[in-house]
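Same chain, two partners: subunit A is paired with subunit B first, then with subunit C.
Presenting the complex of A and B:
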């Protein structure tokens, strides 16, 4: 298990480094002229040149990269070109917001998905048919569209939840829950359906396997077999879907944060992209990949615990 | 050898092209969703003809205008005609879907084919890249691309295609690896044709449909992502798009809440049609592979049968002696032509200390008989019987909960394939202890001690280590001993063994049979041994029932059966199975009390 963990960790670090490197060279090397973008059309060539020197962009890209990497390892992601704020400080303020909605949405989707998927596999009939329809609807209706509808209905018209803004759980737990409810529902709806579908298929697959019949022959009872054996064997496939869906949710959060005016990294990324604040875009990309890698690592470790064969791979 | 190549090739290509297309024609969902897609494409192409309005022109009088004859969907927040925006917007969405999907296929499929075919370093490197790409959140990466290349939609969608490529890469790579395993060795033996060409032709035939499925889903996702970006205002602000319409609706959600409906319907219907195309294609693919059984248990028929059984049971008062008595057992499965009977009126009984062999070819219904007695048939099966009695207890009307109390404590089961009958995610010890504690109130520690003792009894050398092992860490022979240990763990009176040695090596078979025989004597068990192997029967059974096509054709004492078979089928079976061997000498050898563990079992010619 230790060896398994170490290997997963090493792969994760290489992945973060690779993505960061490619992103850096794209942003700093391939970009036509980020400064001209930043200063707008009224800037004179002299102003642009001066600003380039000030930002250190006159140096070769490889030197800039080495510099950035050394600083990044120490936790310094540079300063915003726009407001001169340290990028790391901004991210520290904003990451918890994004994590609140994506992690809560992941947990909600996992619970709903497992319950509905198991019911569909067990009862078949109308539950199963309804799930098939929901899967298509959940896939076809974009999370941001659902978010707009939810915001209009429950926030603007019924006034049950705040339409915009985020309340930190440190300030008020109740306020935090009510501020993330609509974003979480918008994110989790489609994902729940696809996890339910996966769990349904896996449960049906596992129930066809010989060992389930052998367990029945030992008089263990269908409930015990379902909870201790079938679901545990069906879980690995569900976890794979969950980890892919989590990555998708981080992307979806970018738009959802915009709709509910949540101060997370998604809205930060969009503002930074619109004005060409390259260090911030870079920082957001880095921190998202780190989040993905950490969550995948956690899911891999869970995988290793529930599936002894995974430890061998 | 060339014959087997042809059959393999047919089997592979059968799953895809022409026959497959014919199947598709019978699928209304697929036809319907394809039609919807065609309509969307047509609307996009004919947008200039269908609406007289310019989707980029605004007019003050149209701002948030309600629907009217001239503007059936009204105007949006800036004064565009909504219908015109909707029709023209479909072009942007379809284009985005096409570019992203095209790039994903063009990058992913060739790379996957090469990686799967060549393996080696290219495979390692490209697989790693695929994994890395899958770990990148799409929209964040697209924002980076927008920062670099600007807001034009084409580079963004190309980037999206690259992010989707790993799905196609994995799909085609896995297919090549699979097909190569099946075909390559045979193909290499054909003279005149290059093996590579053969492999690739078959691969393309096999991989085409899965790629189509993946492509339709990818196009759906791409359309949603594009509208998401347009919603955020990324992309050409002048060009009409569904995403920008959602944004406009959002900004005017108080004054004109109906505006959200139209772009939502447009995105939803298009993406849903793509998803349905994908899922009906994969349904069709799985159907031709025979993976999904749609047959459902006919509950009413089952209930009616149970009632009829009860009536008949009352009528047949004549008590047949035996610890386990089965009379008139029938098992049938729903099929396209109504119920298909696989067991047709089987009767037998077995006493304690006795071993009854049920012998027959694969497909004769002998395993179904075993499952039916244990109540372990799949849910779609229909079971009827005049009597299934265990020591006077009626097993037909017993409720599931009562059956669970009898299982393993009074009637136990030893399965055929040891490896697939242990739960792979629990240790041997956990599975043994679970069974013991489900039926007896003993402590964890006591149950573990009992499990360890049982493993010793079934001849496992290092019981403590085996208890801690997972099923994949032990050999097949050991696994079968474990299953036997579990079967006798709660001291049952009857054991039903379904081909307990078929999946094992010849030498291990002999040991396992010896073990069964020993346990039967020590514990005075009634054993029902299902097998196709007359050697096994000769070695351990006292009586034999010969089964064929779901019926027992002959039941006899084992000596009588081998010496003087009555039914022609029994004679045929004896003749074919034991050709060259002399059964009687072995029987006599066993009868002369010098019964040893060694059995000359013949190599398996068949398996069920």
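Presenting the complex of A and C:
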């Protein structure tokens, strides 16, 4: 297990490095000179030239990359070209916001998905039919559309939740819950549907297997079979879907955060990309890759715990 | 049924959140308790006045920093930190008498030396102030409360500049410590409250207890929330999370007027910049008849109606209607006439039209199709090159013409220095014209009150030479709740902080 974890970690580091390198050079390819835009249309050529030197953009790209990498390894991600805030400080403030909504949305989606999926598999009939329809609807409706509808209905018209903004749980737990409820629902809706579908199919599949029939013939109660055998065997497939969806949600959060004006890394990514604020884009990219790697690693380890067969790899 | 447990938990969570939501929603955005919350379309990039842009960014600076001069709702210039000011005979020295007894919030005294330190810092910065102060050589302290700004050449826009970025006065201690970017220190009516500020989400300002004119600012607390996304800003306005913010013309019909009040004012013009007046990049554009043909090719009324939903006013000039350079007669020069355009192109030797490379980006996306179609109708073939948003400004000099919007300030000299002067930041190919140069020199030595006819002549020349093909002045729509009153801004994109007050 230790060797397995170490190997996974080494792969992860290589992955982070590779993504960082590709992103850095892609950013340079896409926006060769963002300084004019950073300073706005009334900036004079002299101001633009001075800022380029201040930001070190007059150096060869490879030197800039080496500099960034060396600093990044020491935990210094540089300062924003736009607002001169240290990127690390900005990320420390913003990562919890994005993780708040994505983690809570994942938990909600997992609970709703497992409950609905199991009900559909066990009861079939109208519950199952309704689920099939919901899954299609869930896939078809984009999260941002749902977010706008939720915002209009529950924040603007009914005024039950705040339309914008984020309240830290350190300030107020109730405020935090109310500020993330609509974003979480918008993010979790589609994911719940796909997890429910996955769980339903897995449960149906497992229930047809010989060992379940054997357990049943030995007189085990159907609820006991469901919780201790069927769901346990159906879980790996569901977990894979869940981890993929979590990573997908990081992408979905970009738009959701903008609609609800949440100060997370998604809205930061959009703002920074629009102006070509390279250090911030690199910082967001790094954090995202690390989150993805950690989630995958965690998934592998959990798989190993649930399903001993997975450990043999 | 054990399965029901998670559901029960979920129901509890929802109910809890709903209750919390009620309290959170009702606590926000009410002007009645002397709080003002404004939504901004930009996020502040620096608290150092020397490094910040103009326009939308001014609202972030105004709570903390006083300016040397200020402008009232009709555009007249009034005292602020400077109580009186006068020009010398040659109009190259502006002497300002300063308010006495004013202190920065770090305890430093505001005096002539402080102004000198600020002018030096503002000139060296990367913000809008630097170009506003380009004609100022230096500042000298005459005595403790008198300062002289020494100019290299007369600048009719300087007083206006001192009401905006170029007039912000920061603590000299902060300037020398280099900490202003994150810790603003001014003499203004409020201070930035670091405890309740979340960078990128909301900036809170609390009263400066020592402020010299507290009654000008009726609110005890001001919050500015950067809401760059249109739908977020709209939801924030409609839910009462913010009291005021910029909106879209399309919202006016959709938002009931008893909920929010929509205010309209004109600021930018939109249309084509025909940059290559010498014909270096696109030889055809060097012929004035071709540039005039482009002006005749646009159906301004139709574009205004379809794209701008009628929120604007047709124009063929780049000067503001409120400026002394404006001449209503000029708007009749280029009425929509595609036949005339084709005839002019034929006379210029382009009977078969010509290829016109133009940049296409997120900024111009909504207008690209109409430019392409209307120019194609007279034989000009627009060839778009797609430009990433981040590169638009650095790539504009590579093109002979481009679609753009530009502010129309009340002070016409600002328009002249930005768009018409050879080294103007919006004169991308550095075009010159002997007649225009002569008029500019003449305006410089003429007192503003007598310069009207000269500006009108200059404007007429620019229209005749078709340096631009403006379509219309755009109406900015600004929404505010009925609990606050707001004076429309004059020559700036958003109202000044002092223009807001609780509804009586």
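The definition used in the following text is that the second predicted complex is superposed on the first by the 296 of 313 C-alpha atoms of A that agree within 3 Å, B and C clash if a C-alpha of one lies under 4 Å from a C-alpha of the other, contacts with A are read in each partner's own complex, and residues count from 1 in each chain.
Here, a residue touches a chain if its C-beta (ideal position, glycine included) is under 8 Å from a C-beta of that chain, and two chains touch if they have at least 3 such contacts.
As the structure is a computational prediction, the values presented were derived from the model and not from experiment.
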item	value
First (subunit B), second (subunit C), both or neither touched by A:9	neither
First, second, both or neither for A:112, with subunit B first and subunit C second	second
Subunit B versus subunit C as contact partner of A:44, first or second or both or neither	second
First, second, both or neither for A:156, with subunit B first and subunit C second	both
Subunit B versus subunit C as contact partner of A:223, first or second or both or neither	second
Contacts of A:252 with subunit B and subunit C, given as first, second, both or neither	first
First, second, both or neither for A:211, with subunit B first and subunit C second	first
Touched partner set for A:164, first subunit B, second subunit C, both or neither	second
Touching partner for A:85 - first (subunit B), second (subunit C), both, neither	second
Shared contact residues on subunit A - subunit B and subunit C	30-31, 34, 148, 151-152, 156, 258-259, 273-274, 276
Contacting residues of subunit A [partner subunit C, same complex]	30-37, 39-44, 47-48, 50-51, 54, 82-85, 90, 93-94, 108, 111-112, 115, 118-119, 148, 151-152, 155-156, 159-167, 172-175, 177-179, 181, 223, 227, 258-263, 267-268, 271, 273-276
Interfacial residue positions of subunit B with respect to subunit A in the complex	131-132, 134-141, 143-148, 217, 220, 224, 227-228, 231-234, 246, 249-250, 253-254, 257, 260, 263-264, 267-272, 275-276, 279, 296, 371, 374, 376, 400-401, 403-409, 412-413, 415, 417, 420-426, 434-435, 438-439, 470, 472, 483, 486
Touch list for subunit A against partner subunit B, complex	15, 18-19, 23, 26-27, 30-31, 34, 124, 135-137, 139-142, 144-145, 148-149, 151-152, 156-157, 209-211, 213-222, 224, 228-229, 232-233, 244, 247-248, 250-252, 254-255, 258-259, 269-270, 272-274, 276, 278, 281, 284-285, 288-289, 292-293, 296, 306-309
Subunit C to subunit A touching residues, read off their complex	2-3, 6-7, 9-10, 13-14, 16-26, 28, 43-46, 51, 53-54, 126, 128, 130-131, 134, 181-182, 198-202, 225-229, 231-232, 235-236, 238-242, 388-394, 406, 418, 425-426
